[in-house]
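Please find the structures below.
Paired with chain B in one complex and with chain C in the other, chain A is shared by the two complexes that follow.
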Partner chain A sequence: MPIKVGIPRALLFYEYYSLWISFFEELGAEVIVSEKTNKEIIDIGVKNTVDEACLPVKVFHGHVMDLKNRVDYIFIPRIISLTEGEYICPKFCGLPEMIKYSIKDIPKFIDTTINFRKSKKNLNRTVMEIGSYITQDKKKIKRAFEIATEKYNNHRMLMETGLLPNDMLKKDFLGEVPQPSKKDKVLLLGHPYNIYDSYMSMEVIDKLRKHGLRVVTCDNLETDVIDEKAKTLNKKMFWSFGRKILGTTLHAIEDDGVCGIIYMACFGCGLDSVIAEIVERKVRRSSDKPFAMLSLDEHTGEAGINTRIEAFVDMIRWREDHEDNLSTYR
Partner chain B sequence: MKITFPHMGNTYIALKVVFEELGVEVIVPPKCNKNTLELGTLYSPELMCIPFKITVGNYLESIKKGADTMFMWGGRDVCRIGYYNTLQRDILENLGHDIKMLCVKPMKSIREIEHFLEKLNFVSGTKNYLKILKSFIQGLKTLCRIDEFDDLVIKIRAREINKGEVDRLYSNFKRDINNGKGYRRTMEIIGQYKKKLLNLEIDNNKEVLRVGIVGEIYTVLEPFINHYLIERLGNMGVEVHRSVTSSEFIREQLDFIPFIKSNKHDIHRASEPYLDTEIGGHARHTVGNTVIYSEKNFDGVIHLLPFTCMPEIVAQSILTVIEKEKDIPILKLVLDEMTGETGYLTRIEAFLDLLISRREKKSYEKSISWS
Partner chain C sequence: MKKVYLGVDVGSVSTNIVVMDSNKNILDNLYIRTKGKPIEALKIGLRQTRNKLDKDTKVLGLGTTGSGRHLASTMLGADIVKNEITAHGVAALNTVPDVNTIIEIGGQDSKIILLRDGIVYDFAMNTVCAAGTGSFLDRQAERLGIPIQEFGNLALKSKSQVRIAGRCAVFAESDMIHKQQLGHNQEDIINGLCEAMARNYLNNLGKGKDIKPPVIFQGGVAANIGIKKAFERLLGHEIIVPRFAGVMGAIGSCLLAREEVRKTGKTKFLGLDIADSNFNVKSFECENCSNMCEVVKFYRDEKLAARWGDKCGRWSNVQIAKDDEKLA
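On to the complex of A and B.
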């Protein structure tokens, strides 16, 4: 019987799912991904996490609870750094501990440390360590990682054409998503686990699309473009996602096709409190694009979000309809 | 040039000494107060942590007093402190203040200490590195002496016979320090008050509760933000031990120099079974020190953290397990810009009641088993 590996559908799953799933599948493991986020998962997550943690971490706990009786291993890597010289949120470094001490009777973890802060040299060792939970065959692990990387790169290429992870995660995904005919682009910023988790984000992407807007995110932009833009910042952003978000913002400010920017933050997120502030200052200072900030938390009332999205869309539309470029002194 | 810096407990005394010795005009911001907090929260991002907000308030109050250069600890960490100065500069510029910011990075190697001295060189305008190095060392010495003095104050306050004596003495001490100038005078004052303190009547046989304080350094050291917790506990007859102090913090950075010693390795050893990597902030210290307190038979631990502090949240989820495994009560206090203290007081009192009854129960158990 194949080893069952559980992957919680939360946090960096939305960034790396194609890599992780195909890697474990190539190794011969059976991959079980937790259910889509729903009310029960959030409730059970909130109950099992310390009060002060942010919603994404609570949701992650919920997904682990969902998996815990169905799998042999749960994949919770200790991620310290994904890119040279950069970090991600400190909570990711302590995630295995948080889970270990908050949830009882939990299956074994695959909690390999992923730390590329100094260099990517230890990539090979990291991959081998993760693979060794499933098989001892080093060649097989290497081959599996190659295939998985290829899939991941394809996945990224697809996103650069305008697709979003939550389109591709849909069961009836055929390789194409009908985009709204209008060309107005709205830039949706935020951590991938906030914006792509459709339950948590209250389906903000679908809602915007229903209004005839085209939603773009950091993932639709080539990494080179983001890197180049991010370099122009006067202080280097040392959080990987923050750098992506800021780079994209700088690009969007110059892009006339982008008619509005929405930042989706999470209540109590330490990173968002800094990044959103910098983004807002940049947008306000060097462009006249509408900017909205939406905060998420455990509350499930949708009306507030709906009202604000509608008001935001109205603002964009009215600009188009009523802008006459006449001098105000008449 | 008029230089200023943010408050963090008594750290300002050492900074004042350094700059005074260098011959720079120093503007000490007014002691943190309600106005500082209000100014800070008004101009800071909404979900920012409380140290950031208070610091902004400090700057604005100093600018009002005429300061034009800010001195700030930068940090190079996973947590938000690395972005403090960039954002703060932006905020102040937006408000129309043209100020200079000097940002100091951690001092974990000779090269980084050199950087620091270069900054001091810029401030003082002298090329005399000997003088700069001397004032730097004098600053470090002051920092250590102040922390020693504070530890003594904590010990005596819990055991004083005439209530309020220590607090009175302490406020006089603060007044003299603020009026005094330079290294020699500051050390004189500290020595003088130390003598006075040791002459106070104390009850040596008093059974005091021992409580350790762990958590994020700013919330532990700045009395305004922790609702004067250390003072209050002392007046309730509790001997407090602060696990993080600014002198210890600096010592940990500098302990690659042979004659400087710190407790870093002990703390890391203690936290190893629970958390064996650095995750930013003081999380590892929080975990390690809690374990050390339980080993030293402290009655309880109070964990202080600013609201939304990322590393401390991880530590907090680990503390719940340590609490059970090591059988040591832990009280968590999350601090933000809310200044209603009654809620905190009630919880502290209830916590102390719990500690007292635990102690009684334990001594009772002992007497039974011995008979």
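On to the complex of A and C.
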């Protein structure tokens, strides 16, 4: 019987799933990913989380609950820093503890610390530690990580062609980018776990696509381009996702193909409250592109978000028509 | 024979119906409380409208807007279903063609819409929180035992400043109670509340935006002169409250319906007598997956007319003509 490793389909799953899944599979483990976020997962997550946490963390708890009775290990790394000199949200480094003390009767965790703040030198040690939960064969771990990295790099390259993680996660994914009739790009900003979780984001990507818009995110842009742009900020952005979001924003401001920018944030997110503010100022000061802010929380009523998306699309179309000197309505 | 267009705005607090002729003249407008029952409110509204119209009036088209716009469209058959931003923008442009800024405060939403050269250029809506909107004012008026219509005039009688926290409705209310227990005048407290709302609106929605005159103030809350004055003090210029400020959304949907019917040539409106139909709503929790969507079944005269609320489309896409019992 292979060891069953559970990976919650939440938080950084959308960023690293190709790496994590293939790594554990190469090691010979059976990987079980939790169900897609649904009402039950949110309900159960909200019930089992400290009440001051943000929705993505509550959703993560829900996914852990979904996995807890059917795996040997749950992969909940303690992530402190992913890039040299940068941090991510502090909730990530307390995540294993938060879960340990909120949820009873859970399987063992793979809670290796991931901290590349000083340098990536400890990458090898980190990988070995994670791998040691499954096998003691160091060569096998090394080989598995190489294969997984290759998969991950391929995955990132595919995204640079315009694909989004939730396209690739579809069961019937064929490797084609859905092409809407009109080639208008809308830049969707926000933490990956907000924008790619279609239940939480109330299908914002599909909704925009139905309006004939092409949705692009930070992931569709090469890292070098993002970093180059982020360097032009007067002060270093020390949050990894903040750097990506700001770099992408600065790039989009100069891209004529981008006809609108949407920032999707979760209510109560400390990082978003700062980053969204900077993004909005940058967009407003150095471009005339439409900008909208969408806030998410536990509510399931979609009317609010639909109205905002509809009005945003109307505004884009209205401007286009105006530029073409057509009707002034819509 | 009179030819008219109808505009319907089903909001959280009020349901508005506007009757407009082909030359964009407003013939009639109706503002009734939704009272949490949009279907009832629409029926009452439509009956009242019908009674006021001449027998030989022909309705050329109907548009709906507001948070209940899809429901209204299913009930009445709309030619166009539009969000409130666009509807308000269109209506304001029709009233003041060179308008640059629209302040709109409704029951649950507040919006700022910036227009340049006759097009919507930028907008913002309140985020998840509904502080500083009509329903909060309503609640405070009720708590103080003052009819909401007199709220604004009372504010004008204020002689001294009382500062109320406006960031959050809960804090505002406790601040108001605190000030009232200290013995401040009711007028001053009400004025303080009006200022807090205007301040909060400008901080929240107006942040970083170029609020250029002419500024139009519309939506239900525009009827409150205390808030209008507070805005004028804060912005330093005059604010226009149009004659039909409370029903601008409905006017916008009239105009949009007129445009739409001109294109399509015919209307989807089911007729004024639809007000006598029996509308029924049943809802159930779908148990086919763990999303447990709350599906709504909408019946017109005991016949299933529409279904919505599901994420996957298994209920809303199914041909309504089929006997739904077979599927259920």
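Just so we're on the same page, the second predicted complex is superposed on the first by the 323 of 330 C-alpha atoms of A that agree within 3 Å, B and C clash if a C-alpha of one lies under 4 Å from a C-alpha of the other, contacts with A are read in each partner's own complex, and residues count from 1 in each chain.
To be clear about the criterion, a residue touches a chain if its C-beta (ideal position, glycine included) is under 8 Å from a C-beta of that chain, and two chains touch if they have at least 3 such contacts.
Nothing here was measured: the structure is a model prediction, and the numbers come from that model.
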Touched partner set for A:276, first chain B, second chain C, both or neither: first
Partner chain in contact with A:322 - chain B first, chain C second, else both or neither: second
First (chain B), second (chain C), both or neither touched by A:41: second
Partner chain(s) touched by A:231 [first = chain B, second = chain C, both, neither]: neither
Touching partner for A:108 - first (chain B), second (chain C), both, neither: neither
Partner chain in contact with A:267 - chain B first, chain C second, else both or neither: both
Partner chain in contact with A:78 - chain B first, chain C second, else both or neither: first
Touching partner for A:310 - first (chain B), second (chain C), both, neither: second
On chain A, positions contacted by chain B and by chain C: 267, 281
Residue ranges of chain A in contact with chain B within the complex: 49-50, 52-54, 78, 80, 87, 89-91, 93-95, 97-98, 101-102, 113, 234-235, 238, 265, 267-274, 276-278, 281
Complex contact set, residues of chain A against chain C: 35, 38-41, 199, 203, 267, 280-281, 284, 288, 290-293, 295, 297, 299-300, 303-304, 306-308, 310-311, 314-315, 318-319, 322, 327-330
Chain A contact footprint on chain C (complex, rising order): 67, 82-86, 90, 93, 109, 117-125, 127-128, 208, 255-256, 259, 289-294, 311
Contacting residues of chain B [partner chain A, same complex]: 45-49, 78-80, 82-83, 86-87, 90, 94, 274-275, 277, 279-281, 283, 305, 307-311, 313-318, 320-321, 334
